Structures are given as C-alpha cells and as structure tokens.
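After this come two complexes, each holding chain A, first together with chain B and then together with chain C.
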Partner chain A sequence: MTLKVRDISRRPGELLDPISPEELVPLPPPYDKPEDQPGWKPINPGSSERLVCNLDGVVATSLPQPKDPEEQRRYVDQFAAGLKKLLDKNNNWTFLQPLLLSLEYCVRCQTCNDACPVFTASGGKEIYRPTYRAEVLRALVGKYAKPGGKLLARLAGNDIELNWTAISRLYELCYRCTLCRRCAQTCPIGVDNGLVTRELRKLFSQELGWAPKELHEKGTVLQLRSGSSTGMNPLVVKDNVEFIDEDIGEETGLAVHTPWDKEGAEVLLIHNAGEILSWPENPGAFAIILNAAGIDWTLASDEVGYDGVNYGLFYDDVQLARIALRHVQVAKKLKVKKIVMGECGHQHKAMVTVSDRILTGQMNIPRESCLVLLERIVFSGKIKFDPSKNDFPVTLHDPCNIVRNLGIVEPQRRILRYLCPQFREMEPHGVNNYCCGGGSGFAVMSGNNFTDWRVSVASRLKFKQILDAFADQPGPEVKKYVCAPCSNCKGQLRDLFQYYGALEKSGITYGGLVELIVNAMVDVKEPFIKWEMH
Partner chain B sequence: MSAVIIIVAYFSLAVFVIVAVYRTLRVATLPVHLRWELAPVPHEKGRSHYGGSYLEEYEWWKKPRSRSLISELIYMLQEILLLRGVWEHHRRLWWFSLPFHTGIYLLIGAGALLLVAAGLDWAGAAAAGVMARAAVAVALVGHLLGALGALGLLVRRLTDPRLVAVRTAGTLFNLVFLLAVFTTGAAAVAMADRPARRLVECTQAVLTADFSAAIPGLLAVHLLLAFLLLAYLPFTPMLHFVAKYFTYHRVRWDDDPLVARPRLEGEVKELLEQPVSWSAPHVASGGGKRWIDIARELPEE
Partner chain C sequence: MEKKEFGGKLIEVDEDGFIQDPDAWDENVARDLAKTEGVEEMTEDHWKVVNYLREYYLQYQMAPMIRKLCKTTGFKLKEIYDLFPSGPAKGACKVAGLPKPTGCV
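The block that comes next holds the complex of A and B.
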C-alpha cells in the first residue's frame, strides 16, 4: 500500500515509514557492500521511551514524549494557531508571498522528485519525496485554516486529521530535508519545497517552541547570550586566536598576526567560530593571506561579532534577525568599510541576501564573500605562488548557500584552476551541485542515530560524486583533497569520511580553500596541508 | 440550448475574470518578503549560463549592475513555449505536457481569430472567410494536440509509479475534464457542416447574446464543457500561468539589494513596525510587540 498524505496522522505509536541502510542506492566499491559498512546505531532503550520516535526509526529532534493527553492537545491547539499565523501578513510578512505561491500552485507533476538527494538516495522513500511535507501542510491549511475547509477536505477525499501523531511526525520530518533547494530549481512552476520545510520549522519554533537543541539552545540562544554558538566568550576567542597565530607562525616560519577591533578597517572578517575550535588552520591561513596581501583587516571581539554562525536561517526568523542585527551593529561600531564572510555558507546566505531587507538605512553595511576577496588577492600579484606544491587531485564541493543561493560560482574555481594542477569537477557541480548532506543545521546535529542517517542518506549522492571525481586514482596511495569552503560542509564531510573510512580506503580528506592557497605560497616552506582526518 | 450556452458563457467568463483577478491581486499585494533568490538568474549578464550573479564581483556595490533583459526574455519564452524545465527535468512527461500546453495556446489563438472573423463578417469584409477558416484549422490542431497531451498525461498518472503514488481524485478529474473538452472540440469542428461559418455564427450569437441562434448538438456540448472549465480553472492550481510570473520574477530572480530599491526600504520600514503574536517563549512577543523591537531585544532569561 502506498503511503498517503493522510497517513501521517494515522496508526499512532507505529513508525510511519521505517528506513534501513539496505534500502539505500548502492555506492561504488569499496563501499558497495552494506555488510561491510558500520551500520546504524540503534536508539538506546532509555531514549526510545523518553523521546518521540514515530517517523522512520531515526530521531533527529529529540522531542520528549508528552506527559499526558492534555499536553498533546495543547500542542495540537498551538499548532493550529501557528498555522494561521504562518498565513498572516503581520506575523509572517517575511516569507508569506513565496509560501502562498508554493502552497497554492503546485500542479503535482513530480518534476522535482529526482532532484532531491535525500529522496533519491533513499531509493524513493515516500516520506522523503520533496512534495510530501508540502502536501501535508497544504492539506492541513486547506482543512484547518480556511473557511469551510473541513467539508471541502471530506469531499476531496483529503481528510487529514490534525492530531498529536501528525504534528510530532511532521516536526521530525522537517529535519529530513537539508533546505538545499535543488528541488526548487527544477520546479517548472517555481514552487519551493525547501522553503515550505523551513516555514514548517519556523511554525514549530516560533509558536510551539520546538527546535533541535543544537540549533536553538546550543545554537542561537547560546550565541546571543555568550557571543558564540561554540560558547566562547570574547576573552576565550581572543586567547584561542592568539594561540592559533603562534602555532601557525611556528609551523610556517611566518609572523602570523590577527588584528582585533581595528576601528575604520577596510575589512571586518567574520569567521564561523567553529573554525577556531575545529579547524584552526583555516583562520590561521586567512591571517597569512590577508597580511601578505597588505589588506587592512580586523576581527571583532564584541559578542556575536566573532561568530558568523546564524542558525536562525534554518528554523526561526526572529533568531535570524536578532543575530544579523548584532553582526551589523558590531561592524557599525568599528566603522569598517565592509563585512567579509569567512568560509561559511549559511553565514553568506544569512548576511548577504536573506537579512538584506531588514538592514535599513545605515545598517546596510556592504557585505562580501571571502571567495571574491580571495580571488582578488590571488590574482593581484602580491603573493608568489608555486602551483606545483598543490600537485595532487583536488575537487571542489559547492556549498548550496554560497553557490545555488547566491550565485557565487566562479571565483573559487578560478583560484583552483590556477593553483591546483589536478583540479577536477564533480558531476553535477556549480549551481546544480548536491548538498553535502549537512545543510540546514544537520552538520551540527548528532543526537541518537541521526549522524548515521545524515551520513548514509543525506550525504550519499555527495559521497558518490566525490568517489566518481577521483575514480581515475581510487586507491589510498594517492592523497586527494575535497575543497569545501564552508564550515558546516566540512563538519559533514568529516563525519562522512570518518564513517566510511574514506582516508584509509581511498586517501580522501577535505579542507577549505585558504589552506590550498597557503599551501601553494612560495614563502611557506613546509607543506601546510596535513593529510589527516581532523 | 443556445440560451443555456450563452448564459453559461457569460457566467463563466465573469467567474474566470473575477477569481483570476482576485487571486492575482491577492498575491501581488502581499508584503515584500526577505530575499530568497535562486541561481541561475537569467538576467545576470555574461554569468547566467553558469548561474553566476553580481555577488561574484569585487565590491559589487560600487559597480553598475549589468542586466540582460534579452536573456531573461529568452528564458521565459523557452519556459512558456517549450516547457524548458519539464524538458530538462521530467522528459517522460514533457512529451505530453508540450502538446497539451501548445494545444491550449493554439486554442487561445483560435479564439482570437474567431473574434476577428466575427467582426469582419459584421463589417462585410471578404477577409472574414479566410480568417474563419484559419480559426477552424488552428482550433482543430489545438484540440487534437490538447487531447493527445491530456490523454498522455492521464495515462502517465495512471501508470508511472512516481505519479501513481501521489495521484488524487482532483488531478485525475482535471485531466478527464480537459480531455472531454478537447475531444468534443476536435469532433465538433471536424464533423461540422461548413465549420467556419458555424463557428463565426456561434461567436456572433454569444457576443450579441442571441438566444435564437441554432448551435449544433456536439458543438453545444463542447461549448458548455469549455465554458464550465473556464469557470472551474481559476479555483485550481491550473492558474499557474499567473503564479509563474511571481515565483520567477518576484522570488527566484528578485535579487536587487535593498540599497538599490529606496522605495522598497519605505515598505520594509512599515513592515518592521507590524505587531507580532507568535507564542513561543523565546520570541517574547508579549502578544503584539513590534517586529523590530522583538528583533532588537533579547528575551529575559
């Protein structure tokens, strides 16, 4: 029996559509035998009693079981109220027009289906179909937010029930889509199922207060309170960067210095603070390049100003706006000429385009991608390069938020074609790329068995295209580099490569773009790229 | 019979215009949304072929925007006339979707020709006959293509596992309805005695509300169905030809920065003043604080 939209509210207590690793589309050798792969962690019995698990057997959101039917009913009522607010001009002016267009004009042609890496990787699982979530929302809106909806729904045979089972499954289902918008690109009508998913996440967050803790409590809330989603306060971040400067200085033999809070600087660089903790070579490489090129730049030590992360982009307009406003306030205070985004995709999208229209008047400080600035520097002649130092196979991962969403496609490629003699593209690439699988916050979500799901399902097509790009030298003896100029993508690639043992079996590692640039600098004597998984 | 058809025609036309205009205005007057563009944006001169945008430019805010309206126009024409998106991403459907849509375009053209023919006929112009015969030919081809397309789409809905899984009574009903309109239309035109004359008379009867005019049986059935379809259409997603303007021009390709649109800034400032009533504790809306205040303040711990 094919799963229907209305089934989301039926058979409470059962999994709606269980998924297992055996169903997934095959990977190329040596990853083609499911029995050789690590498998998926079962949810531990304690958690499965405590948490809602009624969708596919995977738990990303860690929604606690409601205490009693009364609590269930309260949430259902809140959802119904949220549904109306989602369609209301005051509460949701930010995305009402694209949302209504997407809800009202889908012709159900399913042209978008094959574009979705999650749906395709899963072997066509019905609940992952890009239209499934949208159909559920459409049916709920039709029945519960429109006059005469209940009668019409019955007549149209679309009789979905708004109950606890439906909303708890729908909430979890919102976290099976990476918001990559590949589906939206292919829709002939221009319907955007990625946006619909985000709007649903927003309803849950802004009305019911439901959001994964990695994105909310440990994400935006922590960032607004302490300055960074990493928990680093201004003192700690300065300390850490000083340590990086020393470390990288020793390693490269160059004097590495990061300027802080320089008033009137040309460039305020904002990193994803995760780089400082997990990939210190990245901010270190930025410092080397910007100093070598004589750029007048600074980092900011005011709270939020040193962390470009803005998880609000993934689930909540209020948190998105709060963080974006703080970013520009910091820039305004320092009187910098422009803000440059570090290697972080969602930071690019949040700050360059999505927040643009709330930055009125003086708040609209110019914002630029680091990829554009780096291209300018690399081709300025101010730094001497020896591309033969990068003579190993390199491919480029296109972060959705920089490439598909912002149209920044070529600057990073021009750098790689110049500095990496063995650069090759993945297929498809550029604006048609596949998401790394860590988009929309997945890369930082790792509760229960969700990491297993996101590396095996959401990343599957990405992993396949990486392997295909290196198919001419598949063995581990040839070291290969996946350039991913985005912090979240790197986090996802790290988990993906570790899960499959890609470094050991295929010699594949990953890193940013600045690392490749520094590796090719004549003045840097020792190899900057370390062939290790970090 | 002609009285019924004429009344239905005017009623349907009125419903179509009122509902289509209402739905269009409703979307058009929605508040401006946050930017949500999606590459490729065809008006990006010299970059659209690979999906690039002006954001690739060093200090883009200091440079003049270079837009190509021609490539935007070419993209739109390819999309409207050749269904480029379906060709690229759903080829199996394209083979039927193209004749289906082409059939509809031809029928709109045939309708226009008939109006002209009816006018010329009243004026006693000799060209009326030529025009009417052209309308008949275009209508026949349009109906045949439409029928072929609708039938193919229906078969795909019933057999393609991807589509079977999500088919609804509504989607099947729409296709059957369309198929009925196209097949009766093709049959009425093909089987009519002196079809050009018949169609011109029929058009004149509808235009003058001449209840005494004789409309042959099959043509009457076809017209009745066609007009009912016209009234039904704007209530369905089949009105997507209107939506497409907005989804493309006002969402996917709406990439103007705020600094370049001073009028927009005024609108946004008003929106930032809107009261908000989201209930989650972290929003701290207080049941109606202004949007901008909520964004500026942090909730109490």
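The block that comes next holds the complex of A and C.
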C-alpha cells in the first residue's frame, strides 16, 4: 500500500516507513554483497527509550521524548504559529518568495524524483521522495495557515492532522535531505524542494528551538562563543598553525610561513577550521602556494575570523546572519581588500550569495572563491610544475554548494587537466554532480545510527560513480585520488571510504585540490601526497 | 541525560556514549569506556594515546590536532584506528573522557 501524505500524522509510536540496508540499490563489486558490509548499528536501548524514533528507524536529530501531553501540545502550537510566520513577509524576508513559488506551482509531475540521490539509492522509498516533505507542508499550510483552511480541507478530503506525531516525524525527515538541490535543477519550472526542506528546518529551529546539537549548540553557538565550531580559541588556532608551518616545512624542505593579522593585505584567507585540525596538509599547501606566487595574504586571529564555517546556512537565518556579519567585521577591521574562501563548499554559498542581502553598502567586501585565485596562480607562470609527479588516476568531486549552486565549474577542472595526466571525470559531473552524501551538515552529524545511514544511503550514488570512474584499474595496487575541494565533502568521503574499506580494497583515497598542486611543484622534492589514511 | 556505570561510578553520557563530566574520568572509567569501543584490554599503546589526549585536553579544553596526536605518540593514523576502531575523534577521545570533537573535523 502506498504511503499517503496524511499517514505522517497517524499510527503514533510506530515507524512510518522503516529502511534497511537490504533495500538499497546494489553497488559494484567488491561491495555488491550486503552480507559482506559492516551493516547498521542498532540504536542502543537506553537511547531508544529516551529519544523519538518514529520515522524510518534511523535517528539523526536525537529529539528527546516529550515529558507529557502538555509539552506535546505546546510544541504543536509553536509549529502552527511558525507555519504562519514562514508565510509572512515581515517574519520571513529572506526566502519567502522562492518558498511561496515552490509551494504554489508544483504540478506533481514527479520529474524531480529520479534526480534525488537519496530517493534513488533507497530503492524509491516514499518518505524520501523529494516531493513528500513538500506535500506534507502544503497540506499543513492549506489546512492550518489559511483562512477557512479547515473547512476547505474537509471538502477537499485533505485530512492531515497537525499533531505531535506529524511534527516529530517531519523534523527528523528534514534531516534525510542533503539540500543538494538536484531536484530544483531538474524541475521544469524551478520548484525547489531543497529550499522547502531548509525552510522547515528553519521553522523548527527558530520557533521550537529544535536543531541537531552538532549544528547548533556545538556548531554556531560554540563558534560565536569560542571563535570556532571546533572550539579553537585564537591562541589555540595560532599554536596549531605554527605547528603546521613547522611540520609541513620539515616534510617539504621549504620554509613555510603563515602570516597573521596583516593589516591592509590583498587577501584575507578564511579556512574551514576543520582543515587545521583534521587535514593540516590543506592549509599547509595553501601557505606554500600563496607564498610561492607572491600573494599578499593573511589569516585573521580575531574570533570567528579563522573559521569560515557557517552552519546557519543549513538550518537558521539568525545564526547565519550573526556569523556572516562577524566574518565581514573581522575583514573590515584588518582593512583587507578581499576575502578568499578556502576549500569549503557551504562557506562559499553562505558568503557569496546567501549573505548578500545583509552585506550591503560598506559591508559589501569583495569575496572570491579560492578555486578562482588558484587557477590564476597556476597559470601565471610564477610556479614551476612537473605534471608527471601527479601521474596517477584522479577524479573530481563537485561540491554542490560551489558547483551546482554557484556555477564555479571550470577553474578547478582547468587546473586538474593541466596538472594531472590521468584526470578523468565521473558521470554525471559538474553542475549535474551527485552530493557526497554529507551535505547540509550531515558530515558532522554522527549520533546513534546516523553515520551508517548517511554513508550507505546518502553517499551511495557518489560511491558508485567514484568506483565507475576508476573501473579501468579497480585493484588496490593502483593508488587513486578523489579530489574534493570541500571540508564537509572530505569528512563524508573519509567516513564512506572507512566504512567500506575502500583504501584497502580499491586503493582509493581523497584530498583537496591544493595538495595536488603542491605535489606537482618542482621545488617540492618529496611526494606531498602520502597515500595513507588521513 | 542517561547515566551509566563506568569504573564503579554512575556517570552521565550523551547518546554517543561520551561522558559529560570530564572530571569524573579516571583510569578505571577509561577501561570501561574502552569496552564500549570494542577494546577489551587497554595496552601500553592505548594508554599512550589516551594519556596524551587527556594531557592536551586539560591544558586547552579541546582535542588536539590529529597530526599532533600522531607525531607525539609516534603512531600513524591507521595504527590509531587499529587501537580504537572508531578512530581518534569518536573512539580515542571517548575513552580519554573528552567531549565529542565538534565542527568539520
């Protein structure tokens, strides 16, 4: 029996539509047998009593069970009030127009379904259909947010109920979409179901105070308090970067120096701070390239100025604005000419376009993608390269926020075609890419059994297209590199490759773009890319 | 939040099994936390990793860079995964009584 929109509010306490690894579309060998894979971890018994688990058997958000019916009712009332605010121009001045257009103009042609990597990978699970969430929202808006809605809903046979079961499932369901917006790209009239999901997340965060702790409490709140979502304060970040300078200097035999707080510099580089902690070769490679090209650049040590992440993009307009303003204030104080965004996709999206409406007048400091700057440097003739040093299979992962959502497609490709003799595209690629599976904050969310879901379902088509891109030399004896110029994507690929043992079974590793550039530099004598787990 | 028994004490843990009060940590707590990570016996190598994480945390209130951990202990990342199958952040930090690392790490 096909699941109906109204079912989201029915059968409280039961799973709406359970998912298991056996239902997923098959992967190529040696990953084709589900029984050889690590499987999914069960939710531990203590947590399953304390937390709401009523959607598909997976728990991403760790929503606590309500104490009593009174608390349930309070949340339902808050949701109803939030629904009205979402549709009101005084309360939703950021995304009201595209939201209304998406709610009103969908003709239910379902063209978007096959474009969705989550829906496809799941073998066509109804609740993951990109239109399912939007249909639920439409039905709720029609019945509860419009004058005379309840009467009209009865006449139209729209019998969805706004109750605790519906809102708790809908909240969890908002975290089964990576906001990759392939659906919006495919829609013949531009209906954006990714935006609908994001606006629902916003409603939950801003009206009910519901947001995954990795994004909110340990994300934006921690970033605004300590200076970074990683918890690094200015002293720690400077100490860590000093270590990177020394360590990479020893490895490469070059003098690596990272300038801090240089007033009036041409370029303020803002990394995703996760790079510094988990992938130090990336900021190290940036320093080598920028110095070798003679760029006048600096990092900033004022709070938030050294961490480009802005998880507000994924779930909350207020947090988004607070962080974006802070980035610009730091740049203004240092009187830099422009901000260059490091290899981080959502940072690009947040800073380049989404913050546009608050970064007006004096605040409108030029912002540039590092990919564009790197292309200029690589083809400037200032650095000598020997592309034969990169003579191994390389493919390129397109971060959704940089490529599909911003249209920065070619700079990174021109660099790879020049520096990597065995560069090959995956299919599809460019603006038609598949999400890594870690988009919209998923890569940093790992509570309960959510990591298993995101590597098996959200990443499935990505993993398949990576394996296909290397199908000419599938064995582990040939080392292969997936270039992913985005921290969030790298975190997801790390978890994905670790889950399946892709380095051991297929010789596949991953890294950023700058690492490949430095690996090809004539002045760097030892191989920069290490082919080990990182 | 749920309370569980580690090293003979009842300690609050989050849904990922990280203890909430770093001061409640001691070596017996670590041995029991290790069991939740599939580490039945804490060897000298395990302690080397855990003690460094602990030391760094007490000084800076956060986990160290993975590369600092590798360099100080002399283990490659792969070897740290061999010791703690969930890896340095989700495995070793948990056993060392640190909060779960945050941000894009």
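In the analysis below, the second predicted complex is superposed on the first by the 534 of 534 C-alpha atoms of A that agree within 3 Å, B and C clash if a C-alpha of one lies under 4 Å from a C-alpha of the other, contacts with A are read in each partner's own complex, and residues count from 1 in each chain.
Just so it is clear, contacts are C-beta pairs under 8 Å (C-beta built on N, C-alpha and C of every residue); 3 or more make two chains touch, one makes a residue touch a chain.
None of these values were measured; they are calculated from a predicted model.
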item	value
Fit or clash - chain C, chain B, common chain A	fit
Residue contacts with chain A in the superposition, chain B compared against chain C	B
Partner chain(s) touched by A:S228 [first = chain B, second = chain C, both, neither]	second
Inter-centroid angle chain B-chain A-chain C after superposition on A [Cα, multiple of 10°]	160
Partner chain(s) touched by A:R404 [first = chain B, second = chain C, both, neither]	first
Contacts of A:N113 with chain B and chain C, given as first, second, both or neither	first
First, second, both or neither for A:C187, with chain B first and chain C second	first
Touched partner set for A:T298, first chain B, second chain C, both or neither	neither
First (chain B), second (chain C), both or neither touched by A:Q97	first
Touched partner set for A:N364, first chain B, second chain C, both or neither	first
Minimum distance between Cα atoms of chain B and chain C in the superposition (Å)	19
List of chain A residues in touch with chain C within their complex	44, 46-47, 50-51, 59, 62, 214, 218-219, 222-223, 228-232, 236, 240, 243-244, 247, 272-278, 280, 307, 309, 344, 443-444, 446-448, 487-488, 491, 498, 532-534
Footprint of chain B on chain A - complex, ascending	2-3, 78, 81-82, 85, 89-91, 93-98, 100-102, 104-115, 124, 126, 129, 131, 135, 156-158, 181, 184-192, 195, 205-209, 216, 221, 224-225, 317-319, 321-322, 325, 338, 352-361, 364, 366, 368-369, 372-373, 375-376, 403-411, 430-432
Chain C residues touching chain A - in the complex, by the definition given at the top	2, 4, 15-17, 60-63, 65-68, 71, 76-78, 81, 87, 90, 100-105
Touch list for chain B against partner chain A, complex	23, 27, 30-41, 44, 47, 50-61, 79, 83, 85-86, 88-90, 93, 97, 162-171, 237-240, 243-244, 246-248, 250-252, 255, 257-259, 264-265, 268-269, 271-272, 274-283, 291, 294-296, 298, 301
